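Okay, so chain A shows up in both of these, paired with chain B first and chain C after.
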Partner chain A sequence: MNSFTSRLNSLFAFTLSVMAALTFCCFLTTVFNDHIRPVELNVAKVLVKNVPDYSADRERSDLGLITFDLSTDLQPIFNWNVKQLFLYLTAEYKTSEHALNQVVLWDKIVERGDNTILDLKNAHTKYYFWDFGNGLKGNSNVTLTLSWNVIPNAGTLPKVQGSGSHKIVFPDQYTSGRI
Partner chain B sequence: MGSFDFLDEVRRMNGRQLYYQVLNFGMIVSSALMIWKGLMVVTGSESPIVVVLSGSMEPAFHRGDLLLLTNHREEPIRVGEIVVFKIEGRDIPIVHRVLKVHEKENGTVRFLTKGDNNSVDDRGLYAKGQLWLEKKDVVGRAKAFLPYAGIVTILMNDYPKFKYAILAFLGLFVLTHRE
Partner chain C sequence: MEYILPFLPEKIKNLPIHMDFDGQKRAERYFQIIIILFAVVGFVWGYITQQFSQTLYILFAGVTVSALLTLIPWSIYRRKPLQWQAVLDQASKGASQQGSANMTQLKTKKKKLKD
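Up next, the complex of A and B:
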């Protein structure tokens, strides 16, 4: 009844339940935050090439080449239940083949304590902007947005789109040769 | 306290008490099973809770963290989401983030994933010749996160002897301890 192991067992069980309850309360305090922040986006260079996609099926596909400006401050999102933000820059567009295309062009991990002010000028994309097919040439409605996935210490994993977007208009002509 | 005290305990029980202990054990096993199957129905996922087994999503998820998944059919797959998917010829499902989405008018979707901590996308991990994932490959999408909660699974995976020791100990404990 009152042996050392049974005392240890109940101490362990009680510690665990207290920790679970505290974690849940911590999650409850932050569950209603909307995490939305304004983002300013712009593109400088916009080109489109038609080259074989050796990373995929080797078919000739449209490759968008852009450089972008981005500025935002994400400090207000951080609270005691935010461990990290995963930022990603998405290009969303429609082609004749696909009703919805989403391509991540750039991403960044912002951990708690990191610099939260982002001010990029003329930045290059981190990933290639390959279309699945040939839907970028002359496409005048490619929307660029910045979103983030909030990683908490414990809790839900909301995906939030920053307010503010930029519309890219791709040229009607392919660029050939080296740029 | 001798190490074989529990055997005396069993010897002292009469038939009725022994049945009771066995039934009690059965109750624990069946309620665990009911909770698991119930969660499967509510979340729509064949595996509603997964433990992160690799460091490919660090610093968001570390080994031993717990993820809650849902997989409702009407929920669309979008970039930035963390999906758990299975690859033909691999037993262990992979937890990675969606990088590209191409969705047709009729809803068929092809997407590409990448681990936050990996420098390249997952095409090297997919089955030979596979370029995209489809909806049928998805086990679930990560909706909530709990750190460290799955660490016992990691220990059991890394040290199989530890797993049998734990199972044997728990089984004996339940069978021999009277209320």
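Up next, the complex of A and C:
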């Protein structure tokens, strides 16, 4: 503290310590938030095709084709420790070969300040709904859920599943030709 | 810095730029208090507005204030100069400066040891 530079040093070091403490306190104020919101999901078109999957083993696999409705308001999730949300729509189901299948069909990033009210009607999936084999035809228990990853300023990165899901019933027949 | 020094006028060279020990202690205490005060206010305001950036801006304001108050060696930090010990009788009469008096004291001590 005897010279200008040594005072500058201790001032700077002290400021950094206080900033770290503030950030930690900010995390503490949001540590018990559960980030869960109700989500309404629905599907409009449900088709299943049997086509070769050239991205994998070139075998004929089941390809689900769906359009979905989604409506939710994520505003209450945002607080001073949330920078953005990464939303992803997952289809989860069981086949005779695999006990648990999870396919991400659609995703979206909602940043702080963006419109937090999502109201999609008849939306197309962003990614192909490929099954590993032929487990989609006639599958009547495919659960559609919306989950999100909360990206904070400081703290943990919670993965949260929205409350509310929709059960897709796939038809017993393959659709052939163009749609 | 050393290159400029010889060109500075005496008036500027003689400006006191030191802090005494008590002043240094107070300067440190002052910036700690100011920064923590601004941090607490900033935290509350940031929580109210739900903007952590507001907290940091208020903290930076506090840092600026405390930098102006404590980085510059204001005269309030020179109020308790060191009280040096009185000149011993063996010391030369010409040494009126307390610092040099101390030096002579040391020299005499060394001489004594040699003897």
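In this section, the second predicted complex is superposed on the first by the 175 of 179 C-alpha atoms of A that agree within 3 Å, B and C clash if a C-alpha of one lies under 4 Å from a C-alpha of the other, contacts with A are read in each partner's own complex, and residues count from 1 in each chain.
The criterion applied here is as follows: contacts are C-beta pairs under 8 Å (C-beta built on N, C-alpha and C of every residue); 3 or more make two chains touch, one makes a residue touch a chain.
Quick caveat: nothing in here was measured; it's all calculated off a predicted structure.
**Student:** Is this a clash or a fit when chain B and chain C both end up on chain A?
**Tutor:** On the shared chain A, the partners fit.
**Student:** Just chain B (first), just chain C (second), both, or neither: which does A:C25 touch?
**Tutor:** second
**Student:** Looking at the overlay, does A:H98 come into contact with chain B only (first), chain C only (second), both, or neither?
**Tutor:** The answer is first: A:H98 touches chain B but not chain C.
**Student:** In the superposed model, which partner reaches more residues of chain A, chain B or chain C?
**Tutor:** B
**Student:** Which partner chains sit in contact with A:I151 here, chain B, chain C, both or neither? Use first/second/both/neither.
**Tutor:** First partner only.
**Student:** Who does A:T90 touch here: chain B (first), chain C (second), both, or neither?
**Tutor:** A:T90 contacts chain B only, not chain C.
**Student:** Centred on chain A, what angle do chain B and chain C make, from Cα centres, as a multiple of 10°?
**Tutor:** Seen from the centre of chain A, the opening angle is 40 degrees.
**Student:** Please work out whether A:W80 is in contact with chain B alone, chain C alone, both, or neither, and reply first, second, both or neither.
**Tutor:** The second partner, chain C, only.
**Student:** Does chain B (first) or chain C (second) touch A:N2, or do both, or does neither?
**Tutor:** Only chain C is touched by A:N2; chain B is not.
**Student:** Which partner does A:T15 contact after superposing on A: first (chain B), second (chain C), both, neither?
**Tutor:** After superposition on chain A, A:T15 lies in contact with chain C alone.
**Student:** How far apart, in whole Å, are the nearest Cα atoms of chain B and chain C in the superposition?
**Tutor:** 9
**Student:** Taking the stated contact definition, name every residue in chain A that is touched by chain B in one complex and by chain C in the other, in rising order.
**Tutor:** 23, 153
**Student:** Inside the complex, what are the residues of chain B that reach chain A?
**Tutor:** By the definition above, chain B touches chain A via 1, 59-61, 78-82, 97, 99-105, 110, 116, 121, 123, 131, 142-147.
**Student:** Looking at the complex, which residues from chain A come into contact with chain B?
**Tutor:** Those in contact with chain B are residues 3, 23, 55-57, 83-84, 86, 88, 90, 97-104, 109, 111, 127, 132, 147-149, 151-157, 159.
**Student:** List the residues on chain A that touch chain C in their complex, please.
**Tutor:** 1-2, 4, 7-8, 10-11, 14-15, 18-19, 21-23, 25-26, 29, 78-81, 153
**Student:** Can you check the complex and tell me which residues of chain C touch chain A?
**Tutor:** Touching chain A from chain C are residues 17-19, 24-25, 27-28, 31-32, 35-36, 39, 42-43, 46-47, 49-52, 55-56, 59, 63, 66-67, 70-73.
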